[in-house]
Amino acid sequence: MYNLLKGKKGIIFGALDSNSIAWKVAERAHEEGAEFVLTNAPIGMRMGTINQLAEQTGSQVIPADATSMEDLQNLVDKSMEILGGKIDFVLHSIGMSVNVRKGNHYTDQNYDFTTKGWDVSAVSFHKVMNVLYNSNAMNEWGSIVALTYMAAQRVFPDYNDMADNKSYLESIARSFGYFFGRDQKVRVNTISQSPTATTAGQGVKGFDGFIRYAEEMSPLGNATALECADYTITMFSDLTKKVSLQNLFHDGGFSNMGISTKVMENFSGEY
Amino acid sequence: MYNLLKGKKGIIFGALDSNSIAWKVAERAHEEGAEFVLTNAPIGMRMGTINQLAEQTGSQVIPADATSMEDLQNLVDKSMEILGGKIDFVLHSIGMSVNVRKGNHYTDQNYDFTTKGWDVSAVSFHKVMNVLYNSNAMNEWGSIVALTYMAAQRVFPDYNDMADNKSYLESIARSFGYFFGRDQKVRVNTISQSPTATTAGQGVKGFDGFIRYAEEMSPLGNATALECADYTITMFSDLTKKVSLQNLFHDGGFSNMGISTKVMENFSGEY
Amino acid sequence: MYNLLKGKKGIIFGALDSNSIAWKVAERAHEEGAEFVLTNAPIGMRMGTINQLAEQTGSQVIPADATSMEDLQNLVDKSMEILGGKIDFVLHSIGMSVNVRKGNHYTDQNYDFTTKGWDVSAVSFHKVMNVLYNSNAMNEWGSIVALTYMAAQRVFPDYNDMADNKSYLESIARSFGYFFGRDQKVRVNTISQSPTATTAGQGVKGFDGFIRYAEEMSPLGNATALECADYTITMFSDLTKKVSLQNLFHDGGFSNMGISTKVMENFSGEY
Amino acid sequence: MYNLLKGKKGIIFGALDSNSIAWKVAERAHEEGAEFVLTNAPIGMRMGTINQLAEQTGSQVIPADATSMEDLQNLVDKSMEILGGKIDFVLHSIGMSVNVRKGNHYTDQNYDFTTKGWDVSAVSFHKVMNVLYNSNAMNEWGSIVALTYMAAQRVFPDYNDMADNKSYLESIARSFGYFFGRDQKVRVNTISQSPTATTAGQGVKGFDGFIRYAEEMSPLGNATALECADYTITMFSDLTKKVSLQNLFHDGGFSNMGISTKVMENFSGEY
């Protein structure tokens, strides 16, 4: 709509289906004039409908296990070939907790599952940047964004070990962002989004009640996946070149609320 | 009980009545072996029962309007005379919003009231430290503490302009704390306490419901005034010499909660 | 360049001269298709060259003392007349410390000056929003931004009482932002910008050395006034509707640095 | 000296030699009347002199690999036997990066080393609490503390992947602290200490220059290991029962500094 990403080339991780934030980012990036490669883990590709998105946006899909350096190197190399040059923007939207899937309580984890979830959800972000940085694959003033959640800072009991994974992810954004900025003029940020009814999000226990709580707490209500995509586009554009190492809350104001009048109404009256 | 403040001399602002946190701090400081001067605004002294506390703790009371440099200079000079030396610890527990008292909504303040509340609640802390610093009245490794509330960081709608005053107060702690530390080896911190049913706190609209919300949110429940006094004693002791410029949450864990299972129960079920 | 603000109407405070961030915001907003009213204090207008900016951007100038509710009401009323409707965006870029100007040290303030600086630099933001909110002058999904500085969170000794003023300002953004969001779907944020060589900034003691320190600390270097304007444009656009109550660092990454390799070089070697 | 821990029973991890913070904590806890078990990894025990500390404090040593659930279960069971009851306090002072030891740059990690360092430095804290919680081994109002470093929040380039590990550790403190508080009235906090010339700390590249930078930045100077031990004692005492889920900076004020006059002096003068 604004040509904000005209001529820009990107890689978008994690578009599973049309509920995915990454899916919306791809649609909006396409509308804003970008070209990009879509990627997902082989299993994510089987479960989802990424090929439909590829068709819709004129993109190619390159499967990659984001925990595999070999797959990631192949992805980056192929992407540069396909797009005809270096990369301007990258979206990391990957997260998965085996402990959550298996129903293990936070206080009683299976540590092999913990390690797997950490590798997929957090270390993968380091690996992606490792390949990009060491392949010198990013254009100057490029922008790398990972999606995260406020459980990295505060306790949301059902978020389980994903909270710790997101803390690690946000730390990677700062740590790697320093070197990427200093050496290659690339910025790295995380966007901390409202709880969103993606296919992944819906799996979390008590999700509906939690969505309502967040909605009532946020002065502007919860942010949708499409609104998150809009915001992400600004972070990929040339208008935000000096924003880096930040965790950016996109949540209708939730993160800075102590209590709202609406939430308070649930705590008044008789007991 | 532990002689943690044996031989230490202090000034305690804001003990109105036995519900006051400052009152509990005075009682605990006395138990821990400190000597101190009590002070309050003339109006606070008429409304409260500070003389009873003075008797109980063997202290003298020096009235002082904490917005008056003259009163504060007199207070500090007299305190050193009475206590026979420089000061080791100071508690600032002063806060008042005329807008709250008069029922003005945050979005429709009377700015003369705003200025008055800011002067009493926040600038008074600067003035106290100004007099102490420029009179060279603190012993090395002395400790200055002001009480604050988390509304300085996040929105609690009924807290009104006290939220902004507390932000200013916490900033003073950092700004003045730097110079006090660098030049006189004195530390300055704020303690951000759970909502507490003091005589002042009870005046806030919807306070009971809010207390229940905070209780259900905090893994350890709300902190009491006595527990706050215990914590304040540690900050006055020689065991915390290198803690400075900090805002210390004493709130049963509330400040780092996103949601608790108990609060969540209010948002589940049918709609 | 992108038509990001096409059809949007705004009010821009604080464009003194072509070094001002507000000046750059006006230029960029004009390029992006916005119409707006410029305003400054009468004294600022005499000292600066705002009329040139007005001509360049096809804008009208309405003088207003931002501490005067009467002036602000007139400004908002006239702006709606001139622009033919409600307001979509507002920039607050106002700050001034009389203590700094007069050379008073932070530990030895003149409290009349403190009050004046607080009123101009911080309370003015509350007054602006008070008028806008109570006049119902903002369009839904409008955006209000105030410029701030990181001294609100951490100690920069020469920033003096402006640090405390900026803390108060940022608290107003949260407090008023809650009501503005809840009731009128308007977002309120602050942008915390790198030290910038504006005419105002240059007055701060030791500013050159500090600029160099910040440059060496920030992985992407300091952000310029023009870059800040670009970023501000994104916050006024429809792409950031759910960002509210935030303090947004625009500083090349400075705010999340502990130390950089370049700064470290000043601390190595022989002693 | 104050009997602050009289009758309390604890477990102290990580006392390698007399430079260790954990060593100082053990000495101070002994002075304050506590009984405790010392533990370290088998390799740490061979390298260090923990038996001397055991003798000095009348403690027993139980070797445990803190990544082994079996070893930890044995440690907790034996400790309760030896001490004759449940545990009141636990210190986790464990950290190690294989990437740092092997000289791998942050941007070019060996991910097996990354995983090993994460397991030892961060997950071990989860495992310790897992065993304590599920064995119901803590007394009510017990206190668990882990040592951390500010690189968890801000970039210190040479801290390498320990920064990310410490972020994960601090997240565990919040996540597990919630359940430990809610279910067993146990508090969990991290103490974020000044850079300290422990045997471990000294291995970090450019450590001396960094120590000087931190010393010049902190208004009260860097905190020593002994001062950290004093502070830790307060966190184990009954005076801090309602402090939980916090990351507590013990750093002479460093964490809230933007720049100090002393650091500024390195950035003035001619260029």
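Here the chain labels run A, B, C and D in written order, and each chain numbers its own residues starting at 1.
In the analysis below, a residue touches a chain if its C-beta (ideal position, glycine included) is under 8 Å from a C-beta of that chain, and two chains touch if they have at least 3 such contacts.
What you are looking at is a predicted structure, and each value in this text was computed from that prediction instead of being measured.
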- By C-beta contact count, B-C versus B-D, the higher one is B-D
- What is the chain whose Cα centre is as far as it gets from that of subunit C? D
- Item | Chain centre separation (subunit C, subunit D; CA means) in Å | 41
- For subunit B and subunit C, let me know how many angstrom lie between their CA-based centres, rounded off. 32
- Please set out, as single numbers or ranges, the residues of subunit D touching at least two other chains. 154-155, 157, 174, 177-179, 219, 245, 253, 256-257, 260-261
- Message: Residue numbers of subunit C touching subunit D in their complex, please.
- Response: 150-151, 153-157, 206, 209-210, 212-213, 216, 219, 253, 256-261, 263-264, 266-269, 271
- Query: Which bits of subunit A are touching subunit D when the two form their complex?
  - Reply: 69, 106-109, 111, 114-115, 118-119, 123, 126-127, 129-130, 133-134, 152, 154-155, 157, 161, 163-164, 166-168, 170-172, 174-179, 245
- Item | subunit A partner contacts - residues on subunit C that touch it in the complex | 2-4, 174, 177-182, 185, 187, 194, 218-224, 227-228, 230-231, 233-234, 237-246, 248-253, 255-257, 260-261
